[in-house]
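Chains: A, B, C, D, E, F, G and H, in written order; residue numbering restarts at 1 for each.
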Amino acid sequence: MKSEEIVVAGFGGQGVLSFGQILAYAAMMEGKEVSWMPSYGPEMRGGTANCIVIISPTRISSPIVTQFDTAVVFNQPSLDKFHPRIKKGGLLLYEQDGIINPPYREDIDILPVPAVREAIRLGKKQIGNMIMMGALLARRPLVSLDAVLVALKKSLPERHHHMIPLNEEGLRVGRQLAEKSRHEPSVLFPTES
Amino acid sequence: MNPPIAYNGLELVYRRPVTLTDTPMHYCPGCSHGVVHKLLMEVIDEMGIQSETIGVAPVGCSVFAYNYMNIDMQEAAHGRASAVATGIKRMLPHRYVFSYQGDGDLAAIGTAETIHTVNRGENILIVFINNAIYGMTGGQMAPTTLPGMVTSTTPYGRDVATMGHPLKITELVARLPGAAFVTRQAVHTPTAVRKAKKAIRSAFEYQRSRLGTSFIEIVSNCPSGWKMTPLEGNEWMEKNMFPAYPLGDLKIPSATKPDAKVKEEV
Amino acid sequence: MIRGTIVVNETICKGCELCIQACPQESIGLSDQVNIIGYRYAILVQDNCTGCVNCALVCPEAAITVYRQSKQSIKQKSTAQV
Amino acid sequence: MNMQQSEQPRLMKGNEALAEAAIRAGLQGYFGYPITPQSEILEYLAAELPKRGGVVLQAESELAAINMIYGASGAGARVMTSSSSPGISLMQEGLSYMASAQLPCLVVNINRGGPGLGTIQPSQGDYFQATKGGGHGDYRLIVLAPASVQEMADLVFEGFRLAEKYRNPALILADGALGQMMEKVVLPPEGTLPMVDKPWATTGKPEWRERNIITSLFIQPEKMEEVNLQLQAKYQQLQKEVRHEAFEVEDADILVVAYGLTARIAQKAIELAREQGLKVGLLRPITLYPFPSDVIARYTRTATAVLVVELNSGQMVEDVRLAVNGRRPVHFKGRMGGVIITPEEILEELVSLAKEYRVAEEKLEV
Amino acid sequence: MNPPIAYNGLELVYRRPVTLTDTPMHYCPGCSHGVVHKLLMEVIDEMGIQSETIGVAPVGCSVFAYNYMNIDMQEAAHGRASAVATGIKRMLPHRYVFSYQGDGDLAAIGTAETIHTVNRGENILIVFINNAIYGMTGGQMAPTTLPGMVTSTTPYGRDVATMGHPLKITELVARLPGAAFVTRQAVHTPTAVRKAKKAIRSAFEYQRSRLGTSFIEIVSNCPSGWKMTPLEGNEWMEKNMFPAYPLGDLKIPSATKPDAKVKEEV
Amino acid sequence: MNMQQSEQPRLMKGNEALAEAAIRAGLQGYFGYPITPQSEILEYLAAELPKRGGVVLQAESELAAINMIYGASGAGARVMTSSSSPGISLMQEGLSYMASAQLPCLVVNINRGGPGLGTIQPSQGDYFQATKGGGHGDYRLIVLAPASVQEMADLVFEGFRLAEKYRNPALILADGALGQMMEKVVLPPEGTLPMVDKPWATTGKPEWRERNIITSLFIQPEKMEEVNLQLQAKYQQLQKEVRHEAFEVEDADILVVAYGLTARIAQKAIELAREQGLKVGLLRPITLYPFPSDVIARYTRTATAVLVVELNSGQMVEDVRLAVNGRRPVHFKGRMGGVIITPEEILEELVSLAKEYRVAEEKLEV
Amino acid sequence: MIRGTIVVNETICKGCELCIQACPQESIGLSDQVNIIGYRYAILVQDNCTGCVNCALVCPEAAITVYRQSKQSIKQKSTAQV
Amino acid sequence: MKSEEIVVAGFGGQGVLSFGQILAYAAMMEGKEVSWMPSYGPEMRGGTANCIVIISPTRISSPIVTQFDTAVVFNQPSLDKFHPRIKKGGLLLYEQDGIINPPYREDIDILPVPAVREAIRLGKKQIGNMIMMGALLARRPLVSLDAVLVALKKSLPERHHHMIPLNEEGLRVGRQLAEKSRHEPSVLFPTES
């Protein structure tokens, strides 16, 4: 597996940073080299937040890159900002809700995900991110679902552990959404690497 | 961009002050900074002193104030805004000069500059935004943080035994002979906003009359730092901040020479 | 009753709801849509605005412009009613 | 020891790894003031250190913090403060005082882009300030430059060890990215850094000894010169603590010298260059002061040219030039103001240097 | 060197405190610094706490205090003595810690450290020597310099309009919750000396009882800076300094737990 | 002009000559804090400047002073502050801000022996701080080094001129002796340094122009890098302002490089050496930044060896080595902590160097 | 009257005269000689010192040691007089 | 004339600094290169003050020297301090009053001056220094008396100018004292150089 450079971006409250952390932690547990680099500082004031996650079989040189294999975005400004920075042949996942001008590039794999809508349907807005995660892993089997769940446990405070099953459900839903999307389905089962 | 002065038969009664630039502000939703910026620019509009006023921005969330205020401005090092304002005023005594500072900037790292600027009676206005927290750096304890209040550097709440009590710098400043006008205001309700604006207006007029330092504390909210919605924040502020920082005038000029030329509100 | 209205600059509104609370007429509410910077924004939800300016005063973004019936038109109306 | 085995790798921010390592290194007192991108150090310690027997105090300023450190260190405690560029500038008088009074402490500078308020993005612009002495007078800090979250933790131990061994302030100089990024880290075990006894400390004068005085005032020039000679002798001693990392240097035609995160990026570039058949190697100073001049001199005997890469306008390059002393051409490539250099940029530089010096030409023709 | 305890039939009733070293002091003739040094060491002698006390010398004429006080001492950077004392006390909470500072050190460059140290209620003693001038550097204006007073930097007298009024930092400090004991004393007469010593003694006892910060201002003379003889200086001090800096307690501990073990005066 | 003729030579202290010169150079605002050995500057100005239309304010600290200077300079005024080593350390953050915001001002450092509180006796221990940037980030000060009371006065004009021309803080670095000693001085006439207009100054925004903003905050790395590139370009420009004085260098076998008072002492030593038939010359940098590297490189083509003399542990010697770049051996002789080196000490060094390099041997046999 | 006396360490006395002013008995004066550090120093000029300690209290150099008649010797004396 | 390195030392109030300044100023007026370097700083607190005056036909390298051609001292501590630092064959002038242990060196020219006593005799303690100056110039004709008087005028505030004649008297007395002292008399009339 080659190294994967991912950006996760959205508004402050949307949990993009922990999305990236869960991904990185899961990968670390599977023996990969990982780095997680958040955007920080006053641009966060009422602005967007993002983090760069790099997953690699070998030592990572710089945690900060400007071109990405994969972008997971949760709002319009982030879409506009990172859409052009995706490498040719790369992957773009985005939350459909609140996107006015959708992406246009032909040379990348684009997957809109109605995560918020689905989450509300499932009755817990919070699991939207896991739906997104499920969709991502369907397209890019970077880590196993099990690893993600362990990571999730780690990141959730005890009192929220009862929500793990619901999140598991979210991951599954996400995967399904990815599968029935117009693009050719990719590997369905998590890599064992 | 000027709004139409009439809108299907109705006439314009309130508009965004012209001295406030069109740049959208970067503050968090509901943050008091925006309101205070607005009031300052309204007063400058009404007194027609845009060309005579120089502002000093602090290091804090309002570090970008100069992006929003369409006047000449300087950005000062953390805590030194009042020293920078002193330097400006001493060189341009006929200009209106104000500094705009947060509680960390004014009451922690800038304590010495604050005390001595006021003690010298520098003929400037100091606007002090007290939100009881370090907003810009992510919600650390400020000198004004309330006892027991949880911040990122007081995870178990501010322990007055080891971290001291909230510093009421405004009360200290009011005792200095150089202070001409010291008041504590808020901007969470229309009435409060009206009062706060009046205070700012007076401060500029006192400066015109060379009365000494005006010091206006605005007890403010910091929804992000407090981890509350703006409405929750305002409520919490009334319940917890106001008792510790009671609103009102702490010192008013003995002999004020108010200025005749006062424009009508638009 | 004095007629008034507000115009909200919805591209800069951050949906803080301070205006909603400040409005004595309960004329203001939030949109379902989010704006370009990701916030649901203030809109008039009732046509009973009196142009009291309260909302505009508390708005941190200076996003609200307020219009009101002119003084004489009010006088005219009241006399008319006589 | 078995703690070590029991220790699982963790995913941690550099700032937090450093803070946790400090506790495990026996930190007794931390005094600091918030500033991005290092506030996590204060925040982590505020939550953890008191529980584990240490003192944390958020000072009213960096100026107060460094002087609290002065007092606490003088009282014999193992102490630390941390800040970022502008805050470190405010500590310069205090650091000069501590160096003169020969007080050990660990100072952490999570370097952001300057000058002035600048930007909060990563930078190496404070190299001169750290290594030449930003304060007044003839003194030096012991300067350590981590290149990973793991080293953010490990070098804390080294920092305390050296500071106390030589009774001199030590400084960890790391760019903002190293503070903010998360990486895998295996934390060093607790209790591996024994407390040293400090007979000079002001802990209260018992009958049996003379009073202890912590001072940097020596009004008589002759005395002051003595003190300075002591300091200089100490800095000589320090030379034997030089630490560096070498990567593919043996056969290198071009030697790259870089530290911190930049060294990692350079290493990537070197891997790419090697794929193109260029003989390039990396010399990474881990101690910026003492500076590995001899090592560099040694390796440059075989190399044709040297390339120094920094996130500044060219600061360490002066020390490299002094080490090379004209025997080889020394080139510089840098980015400033918080911009991170990419492996590709460095590769480009390496390729053109290879052309310029006609090393491994045939390969380049391909 | 110990004096004989009897001298042709008379017995020893007063001697130089043993904790004061034999080194002759470098102060100018009649300077108050010497008296205050003496009193501090007398109290330490009487309480028998030489081995438990750590002092912090300032930058000022008393920079050499550690040459005269036979206790562990640290010499702090100009204005930072209270921060240094904080560092020591936090690490050695069971030690007695005091800082000794002049008006320039404590009330000018050190203002922020002074205010925040007291506001935190650091359990230390701050001795504040107010001689209304910068002695060591040759008689420049201090924050406490009186209006109209001529110094080397106010050749035409301190002009309050441009240089501000004398800063009454002790009054400010007394308002801080962290302050346990705040008093203003002098050492120009036997009675004053007795009172001042009592204040110092109490401060150390309050510190033992962990009551918070004790702050003792000593209104002092600076014959050299004032360009007077010591006697003229004391007279001028009574006439001009005392009205501006009235002697007496500004704040005394509410609940003091006085310590039983009190030695007899020699 | 006739003022010049009318001007009688005076016997003045260096500090007072500098202060009077500043007034004649059009000083509008002085903000400072007392410290030995430079308090006479503040004292002289407090008595004179207000009478002559300027503002003097004794600040509560050096920290306040440098930030008052920031504001005053940003308001378009010709401003100055002065201090000595520890006080200058407290100004480092402010100086970094001013360099970044590109604000002109003149800072005077009457250098005393450090580190720490040190001694108040003369020293050159702050060379690194002055020339490499004691503050954070990539910036430089324009640094001038007078060697006589006359130059203490003259270089004030040069300092203001360069500071305003390049919108950068300028620093006069002089040891304590130059500040305290009295010498003959002919003061430069008033009004020879015209006021430059400063369209960037914050004087109040008229209708017809955009608002002026003085700031050092450039949160976007790309923007911050731009600013840094501007600064670096400026520093390149500065190279053409290099000033130095050469004494008997043409035929010199040994080139002595020294600045300030040390250069005068070295000159005396050189006279003595010449009496013994040694071919020795002196190169005195007047601008320490920009540093006369080219000049030194040029003269060292002919010389056999170089001797750098400083009142510190060896700071400028690094810049000399960088200039010589290994072509010639560079030796160092210094005293520290306020001790003044004597012509005899330097002579001794010169003689032994002459022996070592077998220059003018026959003469030495005598 | 209670008998007392003082011993002045004349090598460290700086002749500030504070003790002279403090002495209610006017027992102290200054020497004609200057001491090694250049000051005329305090000396007893009358034999009427009561050992009241005032001079010692105000002495900035802590140069004065004070002796006084013991309590009982005073008692004895007074009884004797009866 | 070779360069002359002189130290003037005494207690704070004894006017040693202005003594040196008058000497330096006078020399400057006669076209010499001069430097005047005071002791400064806290050692002045209740201690001794001194200044180094160098008078030279050529540029002066360092204003600070450690060996002196001439020492003019006003008290015992200064005598003890500078006595050993006088060059062989050099000159030592000292105020007799308050000197307990007089100097002993055989290899220098030693001249005790009862300036204070004479000044009191002339009725003005202040002119003691001019008596010392007169004695100095008798032994070392560094500058003309006229130059000294001009320098004196410069240094005295207007309101004290009435004292000039008295000081002139002092200079003369000093010269006489020097002449009738046990040592072989040196040049009696001021140099015209």
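Criterion: a contact is a pair of C-beta atoms (placed from the backbone, for glycine too) under 8 Å apart; a residue touches a chain by one contact, two chains touch by 3 or more.
In this text, all values refer to a predicted model and were calculated from it rather than measured experimentally.
Shared contact partners of chain C and chain H are absent.
The pair of chains sharing the greatest count of C-beta contacts is D-F.
When chain centres are set by their Cα atoms, the one at the greatest distance from chain D is G.
Annotation: 41 Å between the Cα-based centres of chain B and chain F. The centroid of the Cα atoms in chain D and the matching centroid in chain F are 30 Å apart.
Looking at chain A, one finds that residues 41-43, 46 touch two or more other chains. The multi-chain contact residues of chain D, meaning those touching 2 or more other chains, are 36, 57, 60-61, 63, 86, 93, 97, 101, 117, 120-121, 215-217, 219, 340. The multi-chain contact residues of chain G, meaning those touching 2 or more other chains, are 14, 37.
Residues of chain G touching chain E in their complex: 3-5, 7, 9, 11-12, 14-18, 21-22, 37, 39, 51, 53-54, 56-70, 73. Only residues 33-36, 39, 42-43, 46-47, 57-58, 60-63, 86, 117 of chain F touch chain E when the two sit together in their complex. Residues of chain D that touch chain F in their complex: 63, 85-86, 88-90, 92-93, 96-101, 111, 113-121, 123, 125-126, 128-129, 132-139, 215-229, 231-232, 312-313, 315, 318, 321-322, 324-327, 335-340. The residues of chain B lying in touch with chain F in their complex are 50-54, 56-57, 63-64, 66, 70-77, 80, 83-88, 90-92, 95, 112-113, 116. Within the complex formed with chain D, the chain A residues making contact are 21, 24-25, 28, 33-38, 40-42, 59-66.
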